[in-house]
Structures are given as structure tokens and as C-alpha cells.
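Both complexes shown next keep subunit A, but they swap its partner, so subunit B is in the first and subunit C is in the second.
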Partner chain A sequence: MLTPPDVALAPLLPILLVLAGAVSSTVLGFHLPRRTLTAINLVLLLLSAAAMALLWSGPGELPATAFGGSLRADNAAVLLGLTIVAGSMMALLVSLDTAYRARLSFPEFDAMLMYAVTGTLLIAFSGDLIVMLIGLEVMSLASYVLATLQDSRRAEESGLKYFLLGSVGSAVLIYGLALVYGATGSLSYGGIAAATAGLTPGNLGLLVGGALLLLAGFGFKVALAPFHQWTPDVYSGAPTTVSLFLSTVVKVAAFAGMLRVFGGALQNAPFWASALQLLIAATLIVGNAASLFQTNFKRMLAYSAVAHTGFLAMALLGTPGLGGAALGYYLLVYTLMTGAALAIVAALQRTEAGMNISDLRGLYHRHPGYAVALAACLASLAGLPPFAGFFGKYLAFQAAFQNGYVWLSILAVLASVAALVYYLRPAMLLFMPDRTPAREYPHGQRPATNLTVALGVAAITVLGLLPNLWYGWLADPAIWELLAGR
Partner chain B sequence: MLGIALGIGVLAVLVSALLGPKKASRAKLMAYESGNDPEHGGVGTGQRFPVHFYLVAMLFIVFDIETAFFFPLAVAYQKLVPFAFWEALTFVGLLLVGYYYILKKGVLEWT
Partner chain C sequence: MPLFLLPLLPLVGFALLILFPRLFPGKSGGWLASGTVLASFVIAVTRFLGQGDEPAREILWTWLPGMALNANLSVGFWYDQLSALMALIITGVGFLIHLYSVSYMGHDRQFTRFFAFLNFFVAMMLVLVLADSYPLMFVGWEGVGVASYLLIGFWFSGRNSEASDRDIREASDREGVANSNAARKAFIMNRIGDLGFMLGMFLLYRLYGTLVIPELAERVDGAQVAAAGVELACLFLLVGAVGKSGQLPLTTWLPDAMAGPTPVSALIHAATMVTAGVYLIARSHFLYDLAPGASTWVAWVGALTALYGALSALNQHDIKKILAYSTVSQLGYMFLAVGVGAYSAGVFHLLTHAFFKALLFLSAGAVIHALHEEQDVRRMGGLRRFMPFTHLTALMGVLAIAGIPVWSGFFSKDAILAAAFAASPLLYVVGLGVAFLTAYYMGRWYFLVWRGEYRGSVAHPHEADGLMKVPLGILAALATLAGFLNVPTFLGGGHAFDDYLGRAIPVHGHEIPISTEWLLTLLAVAAGVGGLLWAAAEHRRRALATGPLGAASANALYLDRVYDGLVAAPSRALAAGLDVVDRGLDGALSGVARNSAAPGGLFSRWQSGFVRTYAVSMLLGTALLLGYWALRTIGGGA
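== the complex of A and B ==
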């Protein structure tokens, strides 16, 4: 019997607003200048954020759903969605100043970015595996185009690598999804979570296989260690504005998917956590070790993004209540500090390859504002106390530690000590005396980039001093224990 | 029933093979590569050929998928009346956005 699905507009509205931005950029791009399009898109993102904030459900309220629970606008979705919107706005603002110089100033840039954001929001709002997969594919396909959009060999290489490895990741993920469906007979997160309890041994084997394939697929998307090979090449080959988007928004969305699938649907499934801890250990070692040896600053940030994937994924090992809150907090902080650091790179670089670390010497005497902001970002990325990065790392370690992953927590602490070396070396160079001519791109007013950097640095400072401004919203364990719904 | 269906199929092939006039030409004897010459300047021979080939192929797939979506929709339409209408309208609307885009980009202008 066919029954039409229930279409509720409220939980769809944040996604539809972003989609409207994408569609209008596609159509109006022939008639309006790109800056106007970007302004429209920024407004639509703000409206989308407002629509999400209105979806916040207080204690005792049931979250809004649509399509029979396939789309869940619960509090977790709202919090992750707001993080995604923050990262997207940073990318758009920075592109206002740098897209022209990066030969990216087409309406297609805005359109593809907004299509990707549509996909990321679908992942955050997903209530079953199919919606998650559609969101992931929309996001990935648009991201491949973004990485290739600039007309240069580097961007082509970056885009092709991203496309090939991303498609492999998607294929693995879909295989895992099929096995999970075969084992549990359900595609919705709630159905899978309910079915994992009473499985026959044969089906349990299928479920474990599916969960491991899903883990590998997500590993490709978030860049966990054996699957991280594409990350440095793609992030450093793509134009810096695009790298900013890929390393913040796309990663947040992939983690949102992981949180939904592993923290929600598969939270009682066996074995994936043991595999995940090995991947995290490998990621921490590889990411941090490789960052130590980079000479290019943008490439170092790319490897630092890999290292941070390890720290972020540790939160997934915690109990759903604690781990979800830790991940939610860390994702926003990670987005803000990485976004601000890459915004500074985008503003100051001479070419899209970024600058060398040695070029940062004496930046304080040429651009004092940028130098101080960059030092703050680096300190936060390293996890030094006054900044929010410290609290994010602390929460992630705590989540893993309390759930019994002691050796991994010790490894992570050691890794973050090693990370101090490569974060503080450029931070130190910034303030050294230097009389050689400036190595930065000399021209241009950059009001939008300055705004982004200022907001990002202010946010990581404030969130470091008063973490409850954001963590207070996340702290309720009920939000994260109901990721799969009832 | 099956016999008649099979018979008609076999008969049509047989009759055209026995009675049809046979005029071989170069184009007819070529290996079928979707209209490209596989030996002299086609795909894989290292020579240039119009990139339009791919664009047309991709456009074909897009509109082919559109019809593939519409057949099941048409079958189920009566049972899903208000929902299916708006759903189809949304789908076609989004497809039109893409159509407008390629039209303005000049993908459909030959030569």
C-alpha cells in the first residue's frame, strides 16, 4: 500500500534555504556580479541558522521530524548545523577578498559551495542511512568540483586525487551500508539500534563487517590514518579558500555522519570501537609526525588537520552522552581556529601554494594584527590553555579516558606535546626581528577576511575563557543519547 | 503467449536477414563505437575529437534518468495524488535550473 510520506516544512527549512542559495547562484550567476551572489548566500546562511535555532527543542519537547523520521531536526542536528553554517560563512567571507586573485571568481564557486552545504546539512539532519548517503554524495560531488574549479595544474591534480579517492571511499561506505541493512533489516538509525540487540551470530558477523566497511568509508571522508593519503595533496593543491571549506565544513559534516552512525545507530554494535582506536592511534602518530617535517605552512596545516582528525575521533570512543558533547564542542572550536588560520594564509600568500614557514619570520613587524591572530590560532590548535582548543582536546581525551581507553589517551597527550613543536615554531618566527623585504602579497583591502579572522580569534578566546557559552548547550547527555531517535 | 512473442522476434530478424537488401558501406562495417571511428581518429587513437560528444552523452543520461523517474511515478500517481504532483514539480524545477544553466553556458550550441 502506498502512503505519501509526511512532509513537514519546519525541519526542512534550513536545508531548503541553503538550497535556494545554491539554485539562485546557478541561475542568477549570468545576470549578477559574484559579490552580490555571495552577499545573497551569506544572508541565506544566516536565515538558515535562524531557522535552525528555532528548531531547538526544550526539555520534554519532541524534535521535529519529516518523511517518517528520515529527517530529524533534533538538538544534535541543530548544533552540528550551526557549526556547519559558521564554517561556510567563514569560507564565503574569505572568498570575497581572495577569490578573484585565486581565479575562482565565478558564480559556480558560490553555487557549488552552497550545494555542498546543502549536502552537509542533510547529513547532520539525517535520520536514516539513505538520507545520510545522499547528503554525503551531494557534499562530495560539489567538493570535487570546488577543488578543481581553479584553472591550474595544481588544482586539477588536487581535484582528481580527491575525486578518485573520494569515490573509493563512497563505494566502500555504500557496501558497508548494504551489509548493515542486510544484517538488521532496517535503514533508519533507530531501527538499526533496536535490531542490534537480538541478532543471530550470522547476522552479527554481517553487522560487524558492515560497520567496519562504514568505518573505512568514513575514514576516507574524515581522513583517518590509513585512509588519509589524499588529504595533504588535496588541501595544499586546492585554492586556499577551498581548503578552508574542505578542512572545516566537509570534515564537520563527515564527523556528523560518523556521530549519527556510530554514536547512534551502531552504538551497541560490537567491534567497531576496537578498530576505531587503532585507526586513531595511527592517525595521531602519522599526522603529528608528518607535520613536524613540513616546510610549507599550508601543507603543515593540512597535516595538522589529519592530526586533529585523530583528536576529534577520540570523542567518538566516549559514551554517547559525554562523547557527543565533546565532539560537538571540539568541532566548532576546530572550525573556528582552522578557518581563521587558513583565512590568514589566504590573505597573505603570494601564490595559492601558500607560504613557507620561514616566510612568516618577522610578520609581526609587517602585519601586527595578522601575526597576533595567527599566533592565537596556532596556540589554540596546539591546545594551549587560554584558548578554546585546550578545552576541546581536554573534553575529547576525557571522553575516551572515562570509557576505558587509557593507553590511547596517554598516546594522545604525548602526541599533543609533540604537536607543540610544529605549532610553536611558526608562532615564534612571527615575532622575530626581520629586516628582509616583505614576502606577503602586498595589495588590497581585506575587510571581509579581517572580519572573519577577528571573529574567529575572538570566538576561540571567549570560548576558551567561558567554555559554557557553547558547551552549556551541548552538555545535556540526553541530546546525544537520542541520536538514533527512539 | 511466450511462443508468439519469441516467434515474432525471431521471425523479424530472420525475414530481414533473408529478404533485406545488403549494401555494405564503410560506416556500416565499422566496429560500433557510438559514432566514433575506432581506427582513424577515434577514441584511443591519440587524435582529437569533439568534446561535445561527452556533453551530449551526459545530457542524454540526465534526461534519460528523468524519464526513468517518471515511469514509476506515473504508475503510482493515482494513489499519491497531491504529494506526487508537488514532488514531480520540485524535481522538474530543479532539472530546469540545470537546463537553464547549460543553455546559458552554450552547451547546446553546436559547431
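== the complex of A and C ==
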């Protein structure tokens, strides 16, 4: 007997709004200038954020769901979705100023970006593995195109690499997904979580195998070593605006998926955590060690994104209540500080290859505002108080430490000391006296970029001084203990 | 008007001046800074006029988790009679000194920055005195420490670092090094005190579970706490107060701090910041009332410092150093007062001292200005003819500090001496002796600078300009008349000040017969007059240039050298030893570093750029993960 599908509009609305932006950019691209489309998309993103805020469920309320629980608009989804929207808006705002120079200023850029955002929101709102996979693929396909969109060899190389390696990652992920389904007989997070309790040894083997393959697949998406190698090439090869998008929004979405799958569905499954800690250790070492040796600032930021993956993933090792809150806080802060730093690179670079670290010397005397903002971002990335990066790192380390990962926490602390070196060296150069000619792009009005940078720096400063502004929303452990639903 | 405006306005001034100095050409930065402090003063006055008996507490936002009683500690301000008074002193005297500085610093290259720092200082000082909890007070405490550091080292490269003449430039470099060292010395010695403050806070939190001052004041009565714990906490707080107020044994930074511009010496190192220690103890009176042992320590630290400062001031030759040691000594008086429980007397002396010491410093500044940076009193003299107005104001200051009747210092010093007499005769004797010495060295200062014949090199010293005269005049009036705020009962007065402050801090009346009080007063007046007469007699003999005690006094009783021998020399030896170890380690480490840098290079090589190698490492990684699990399962399951 057929049952009518369980469709509810409210939890779908944030995603549909973004999708509407994507479709309208595709269709209206023939008639409207790109700036108008971008403005429309920014408005739609804001509306989507408002729709998410309305979905916030207070204590005791059940979260809204659709499609029989396949789409869950719980508080975790709302919080992660808001982070995604923040990152997407930063990328769009920056593109207003720089897309033209990067030869990216056509409607397809907006369309692809909004499709990718649709996918990321699907991941954050997912209630079963299929929706998560659809979201992941929508996001990935759109971001492959984004990386390739610029008409240059560097971008083509970067996009093709991303696509080929992404296919490998997706294949591994889908294989793991199949194994998990085989072991538990369910695709929904709740069903998997319920089934993990009483498994026969044979099925347990399948489950662990599947979990490890999922870990490898997600490891590719978030750039955990040894699945990280695409990151520096793609981030530094893609246009800077795209790198901004990839390193913030896409990474947040991949972490949202990991949180759903490992913190929700597989939270009682054995072994993945001890495998994850090995990957994190490798990531911390590789990311931080390699960052030390970069001469190009944009590429250094790419490696720093790898290193940050290690720090972020530590939150996954915590107990769900503490770790989820830590990850939620750190992801927003990470988005803001990385976004602001890359926005400055996008504004000042002469070519899309970014600039050399040595070119930053004396920036303070030429662009005092950018120099101070960049120094603040770097200090926050390095985890220095009073900036929010400090609290993010602190919460993530605390989550892992309290759940018994002592040696990993020690390694992470040592790694962040090494990180101080490569973050503070450019920060110091900014304020050095300099008599060589400026190497920044000299022209242009950049009101949108300035707004993005100002908002980002203000946010990381305020969130560092008053972390509860954001953490207060996240702190309720119940949000993160019910990621898979009841 | 809300209390947060008080510190906020100068803070905004600071932000504007430090971030956008170019918006303020000429002297406009100085006027802006003075304006913000004046606005704060107006707010302080309106709040004071509208003040009821009940203290007000205004909470701004939640701050530190858990540090209050079953709640999060919030940032809040506490407005009772004590903080009202301190706010009035800080903004009032602060405004006058800002005004004075507009003229005094007028030719400095870093004019705007100077006012930015001054505004920052005023804001932080207001946070300190208005804070409703020890952690927030500590924020202000550290803030004024930073401001003090910045302003002592304000001429960190000397005043003539860009002069064309090479000798002047080198002298300026030497001066810069000395200034920087003075600033560092102040900062480091304050760190020792801050450590005490922090330990005190930790202990208080451990004992009472809260750091909010009004909550603590309510809790200490009923709480079952070991007496030794309270004593220890009070001693820790005393260490903090000692550091900030330049008391023994952490006193040597304060005379060196005179390296800063003179308005800084007047505002920070005489009138306000250095009295923060007195304020801290008066604010914590409910703790010290429970800790008689610690209170005795406070009193003796104060008495000995008063003596030390007075003895060191006897034979100084720098016009500001004499005043600096005098500040040390007067702060000792205040500690003595709060130590014997006479909080009101201590705070009253704080008030009058703020007036007359700021006045004396500003007068000294006018002299230094007139003589083109000459600071040696032996090369002054007879300035009364050239600068009649400043001479008059300085004379008021001298009479006030010497404790001559009707001038303010007489009333405040008398109250302290009476309280000391009631507590312990020995303390009283020290206090009286110091009063005598004070009158002498201030008389020596006065006669050397203003009387006799002119011995300087500048042909025509000029009188201070109008802008500098206004603060001098106002402060002179206050130094003369402020004593009438608190005329004691036996002189037929209404002791209005004690009544006012008594609403916030208990006034422990001492039981002394009126005849004895008269006797004490006469003795104190005799000491003051005697000291001045002694100085006058020496002046008549033209023997003032060399004061008593000779080199011992000139070298401040060799305390600096003692510290150098006891602390600095061993730590230098230790540092030299560590340096050898460090160099060895360094070699070893750089070997390690060269080897450990290799992985970084290796990782870069791994990053070959070829998609196929990337894909291989991804698949290898997956395989390794699965293999690791398989090995673990076989190992564990077999």
C-alpha cells in the first residue's frame, strides 16, 4: 500500500531558498548583470539564515523533520547551517570585488556556488546516509566546476586534480556506506545507531570496515593526512575567492557530515576513534611541518587549513556533548578568520597565485587597515588570546583531553607552538620598515571586501572576548547527543 | 548617569588618539584628552551630588564563569563613598594635570601620544577604583601598571635623539637607556606585587567562594574560616599594595620613575596610581579587621617606609627626586593609618596628599621648564624673583606638607599621628620623627629653589604661562583649604569627611583624652615648625646644599645596591651559567632541528604534483587503516 510522502516545507525552506538562488542565477544569467545576481543571492542567503533561525527548537520541543526523518532540522543543523551561510556570504562579498579581475565574473560562478551551498546545507540537515551522500555529491560536483571555472592552466590543473581525487574519495566513501548498510540494514542515522548495539561478530566486522572506509572518504573531504595532498595544490591553484569558499564552507560541510555520521550514527561503533586519532596525529605533524617551509602566502594558508583540520577533528574525539559544541564553535571561528585572511589576499594579490610571504614586508605602511586586520587573523589562527581562535583551540583540546586522548592533546599543543612560528613570521613582517616598491595590486575600490574583512575581524575579536555570544547557543549537550535522532 | 561612562569616555579618547593621531593636528589632541577627563569629572560630580546612603552596583555583562557566589562573575561597578571620592580625585586632579600638560608638553614631538597614554591611565584608574570585584580591580591594576610603564619610558629614545649635534645626541641616547631601564624596573617590581595580589585573590576565592567585593563583605562575618587563612590572604594583598605603592621592600622603582615627564610624576607617581595600594587595603577593610596580624604588618611597613623615604630625601639634589622620596614617605603615612585601622584618616591623607603633592610636582615642572630642563637644586635659587606666582603656589604646598596649621596637611597628618598614638607609642614616635624630617627636607627644597641668590645658567627664567598657572592656582587653593573638610571634634570642627566616608568604611573612634589630643597636636606642630626652622637656619649658614647623612641619604640608604648584590648579582651569575648551558643546548638543538626539518622537506617532496601519486597515497592510506584494524582484531581476538 502506498503512503503519501512525508513532506514538510519548514525544514526544507532554508535549502530551497538557496536552491532558488542557484536556479535563478542559471536562468536569469542571460538577462541580468552578475552583480545583480550576486545581490539576489546574498539576500536569499540572508533569508535562508532567517528561515534557519526560525527552525530553532527550544528545550523540550521536537525538531522539525521531513521525509520521515531523512531531513532533520534540529539545532545542530541550524547552527552548522548558519556557519555555512556566513562563509558563503563572505565568499560572495569578496567575489564582488575580485571576480572581475580573476576572470570569474559570469553568472555561472554564482550558480555553481549556490548549488554547492545547497549541497552543504543538505549535509548539515541530513538524517540518513543517502541524503548526506546526495548533498556531498552536489557540493563536490559544484566545487569541481568552481575550481576549474577560471580560464587558466593553473585553475584547470587544480580543478582536474580535485575532480579525479574527489572521485577516488567518493568511491571509497560510497563503498563504506554500502558496508555500513550491509552490517546494520539501515541507512538512517537513528537506525544505524540503534542497530550497532547488538551485532553479530560477522556484522561487526562489516560495520567497522565500513566505518573505516567512511573515515577515509571523509578524510579526503576535510583533508586529513594522508588524504590531504590535493589540498595545497587545489587551494593554491584555484582563484583565491574559490579557495576561500573551498577552505571554509566546503570544509565546514564535510565536518558537519562527519559529525552526523561519526558523532551520531556510529557513536557506539568501535575502533573508528582510535583510527581517527592516528590520522589526526599524522595531519598535525604533516600540516604544521609543511607550513613552516612555504614561501607563498596563499599556499601557506592552504597548508594551515590542513593543520587546522587536525585541530578541528580533535573535537570529534570528545564526548558528543562536549565535542560537538567545541566543533561548532571552532568551525564558525575558523570560517571567519580563514575567510578574512583569504579576503585580504584576494584584495591585495597581483595574480591569482597569491603573494609571497616576503612581499608582505612593510604592508602596514602601505595599507594599515589590511595589515592590522591580517595580523589579527594570523594571531587568531595561531590561537593567541584575546582572539577567538584561542577559545576554539582550547575547547577542541579540552574535548579530546577530557575523553582520554592525552598524548594527542600534548602533540596538538606542541604543534600549535610550531604553528606560532609560521603564523607570526608574516605577522611580524607586516610591521617591518620597508623601502622596496609595493607589490600589491594598486587599483580598485574594495568596499565589499573591506566590509567582509571588518566584520570577520570584529567577529573574531568579539567572540574571543565574549565567547558565550556564540558558545552559549551551542553549549547545551543535548543538541549534540541526539545528532542521530531518537 | 551610568557609571560605565566614567572610564569609557577617557577610553574613547585614548582609542581616538592612538588610532587616528593624524586627525588631531597641533594641540587639539591635548584638548580632546582634557575634554574627556573633564566630562568624566562632571559625571563624577553629578553622581556625587545625587548620591544616597546606599551604595549602588551597576552590572554590565557576564564575564568569568563561576567566580561569584553560585553565579558567573560579571563586570560591574560599585559606587559607594570611597569609590565616589576616588573618582572625584582621579578625574579632578587628572583634569588639572591634563590641562597643565597641554602647555608643558606643547613642544614634544609625541604630543598626541602622550595624551593618549594619559587618557588610558585615567580610564584604567577609574576601572580600578570602581570595580565591584577583585578580578575587575586587577584589570585596572594591570592597566595602570602598563600606563605607568609607557609613560615612565615616554622619552625612551631621549629627548634629543634627532639633534644635529653629536654630543647632544649621545647624551640623549644615554638618557633614553636610563629612561627605558626605569620603566622596566617599575614594571618588573610591580610584577612581584601583582603576584601577591593574584595569590591573595586565589586564596580568597578558595576561602569564601566568591571574589565580588560586596558579597565578600557580607560573607566574612558569618563564614567559618581559619584565621590563618584570612591573615595569609591579607598579607598577600599587602604584597600587591606594597608593589603598587612603592613601599618597602619594593620601593626603589618609584624614585626612578621620575624619569617620566613631570605631569606623569604628578598624576601617576604622586596623586593617584601609587595610592592604589592604600585604596586596596581600605577597600578590603572588612578582611583586615579580621586579621590583626596582617594589619600590624601594614602599619609597620608604612612606618618604616615613611622613615626610609624621609631619610633618603634629606640629601637629594634632584628637584624631583626630593619630591619622589617624599611621596614614598607620605605613602608610608597612609599605610600606617590604614594599618592601625584609621581608614578614614588614611584616605583623608590620600586626598590632601593628592592636592599638595600634585601641586609641588607641577611647580617643580614649571621650574624645570623655566630653567631649560635643569633639575639640580644646587643650580637654582632665588627663583622667587623670576616666578612670583609659582613661588607662591609652591610655598602653599610646602606649608601643607610640613603640617603647618590651617594648611590641609596639618589636619590629615594630625589624624594619622593621633591614631598611631592610640595604637602603639612606638609607631607614634616614628611618625612624629618623620614629620620633623619632612618639614626639614621640604624646607631645604624650598630654600634651595626659591630663596637665596640665583645660581643657574639660564639668563632669564620665565614665569609659567597662563595655562599652567590655572591648575597651579586651583591646586594651591585646594592644598590650603582642603583640611577644613575634616576638622576634628576637639578643635571644634564637624569632621564632615569622617562622617561621609564612615557610611562606607567603619570609623574606629580612638579614645584619647582631649588634653592628650591637644598635646599631640602641639607636638606635631612643633615638629613641623622645628623642621622648617632648622632648614631656615642652615639656609642662613649657606650649608643647605649638602643635607644630613651625606652619601647614605644621597644613595637612598644603599637599598638599590643591596638589591643589586642580593638579587641582581646572583641572578646575573645564574644567567651567565645558564647562558653557557643554553649555548651548548642550542648547538645540540640546532642539530636536532636540522634533522627534524628534514620531514618538512620530505613532505614537500611527497607533494609531487602528480595526481597518480596522490591517489596512490589515498588508497594506501585506506589500506593501511583497514590493515591496522585487521592486525588489531587478529591480535585482540586470537
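Just so it is clear, the second predicted complex is superposed on the first by the 486 of 486 C-alpha atoms of A that agree within 3 Å, B and C clash if a C-alpha of one lies under 4 Å from a C-alpha of the other, contacts with A are read in each partner's own complex, and residues count from 1 in each chain.
We adopt the following convention: contacts are C-beta pairs under 8 Å (C-beta built on N, C-alpha and C of every residue); 3 or more make two chains touch, one makes a residue touch a chain.
Note that the structure is predicted; figures quoted are calculated from it, not measured.
Engineer: What does the overlay on subunit A give for subunit B and subunit C, a clash or a fit?
Structural biologist: Aligned on subunit A, subunit B and subunit C fit with no clash.
Engineer: For A:P447, is the partner it touches subunit B (first), subunit C (second), both, or none of the two (neither)?
Structural biologist: neither
Engineer: Which of the two partners, first being subunit B and second being subunit C, lies in contact with A:G185: first, second, both, or neither?
Structural biologist: neither
Engineer: Let me test your reading of the model: by the given contact rule, A:L278 touches which partner, first (subunit B), second (subunit C), both or neither?
Structural biologist: second
Engineer: Just checking: does A:P386 make contact with subunit B only, subunit C only, both, or neither of them? Give me first, second, both or neither.
Structural biologist: neither
Engineer: After lining up the shared chain so the two structures overlap, which partner does A:G68 touch, if you call subunit B first and subunit C second: first, second, both or neither?
Structural biologist: Neither partner.
Engineer: Determine how wide the angle is at the CA centre of subunit A between the CA centres of subunit C and subunit B, giving a multiple of 10 degrees.
Structural biologist: Given the fit on chain A C-alpha atoms, the answer is 170 degrees.
Engineer: For A:V27, select first, second, both or neither according to whether it touches subunit B, subunit C, the two together, or no partner.
Structural biologist: First partner only.
Engineer: Going by the contact rule stated at the top, is it subunit B or subunit C that touches a larger number of residues on subunit A?
Structural biologist: Between subunit B and subunit C, the winner on subunit A residue contacts is C.
Engineer: May I ask you to decide whether A:D233 touches subunit B, subunit C, both, or neither, giving the answer as first, second, both or neither?
Structural biologist: second
Engineer: Working from the superposed arrangement, determine the closest approach of subunit B to subunit C, counting only CA atoms, in whole Å.
Structural biologist: Closest C-alpha pair between subunit B and subunit C: 22 Å.
Engineer: Flag every residue of subunit A that touches subunit C in the complex, lowest number first.
Structural biologist: It is residues 160-161, 164-165, 168-169, 172, 205, 208-209, 212-213, 215-216, 219-220, 225-227, 229-230, 232-233, 271, 275, 278-279, 285-286, 289-290, 292-293, 466, 468 of subunit A that touch subunit C.
Engineer: Taking the complex as given, what residues does subunit C use to touch subunit A?
Structural biologist: Residues 61-62, 597, 599-601, 603-604, 606-607, 609, 611, 613-615, 617-622, 625-626, 628-629, 632-633 of subunit C touch subunit A in their complex.
Engineer: Please output the residues of subunit A touching subunit B within their complex, sorted ascending.
Structural biologist: Its residues touching subunit B are 2, 4-5, 7, 23, 26-27, 30.
Engineer: Would you tell me which residues of subunit B are touching subunit A in their complex?
Structural biologist: So the residues of subunit B in touch with subunit A come to 76, 79-80, 82-84, 94, 97-98, 100-101, 104.
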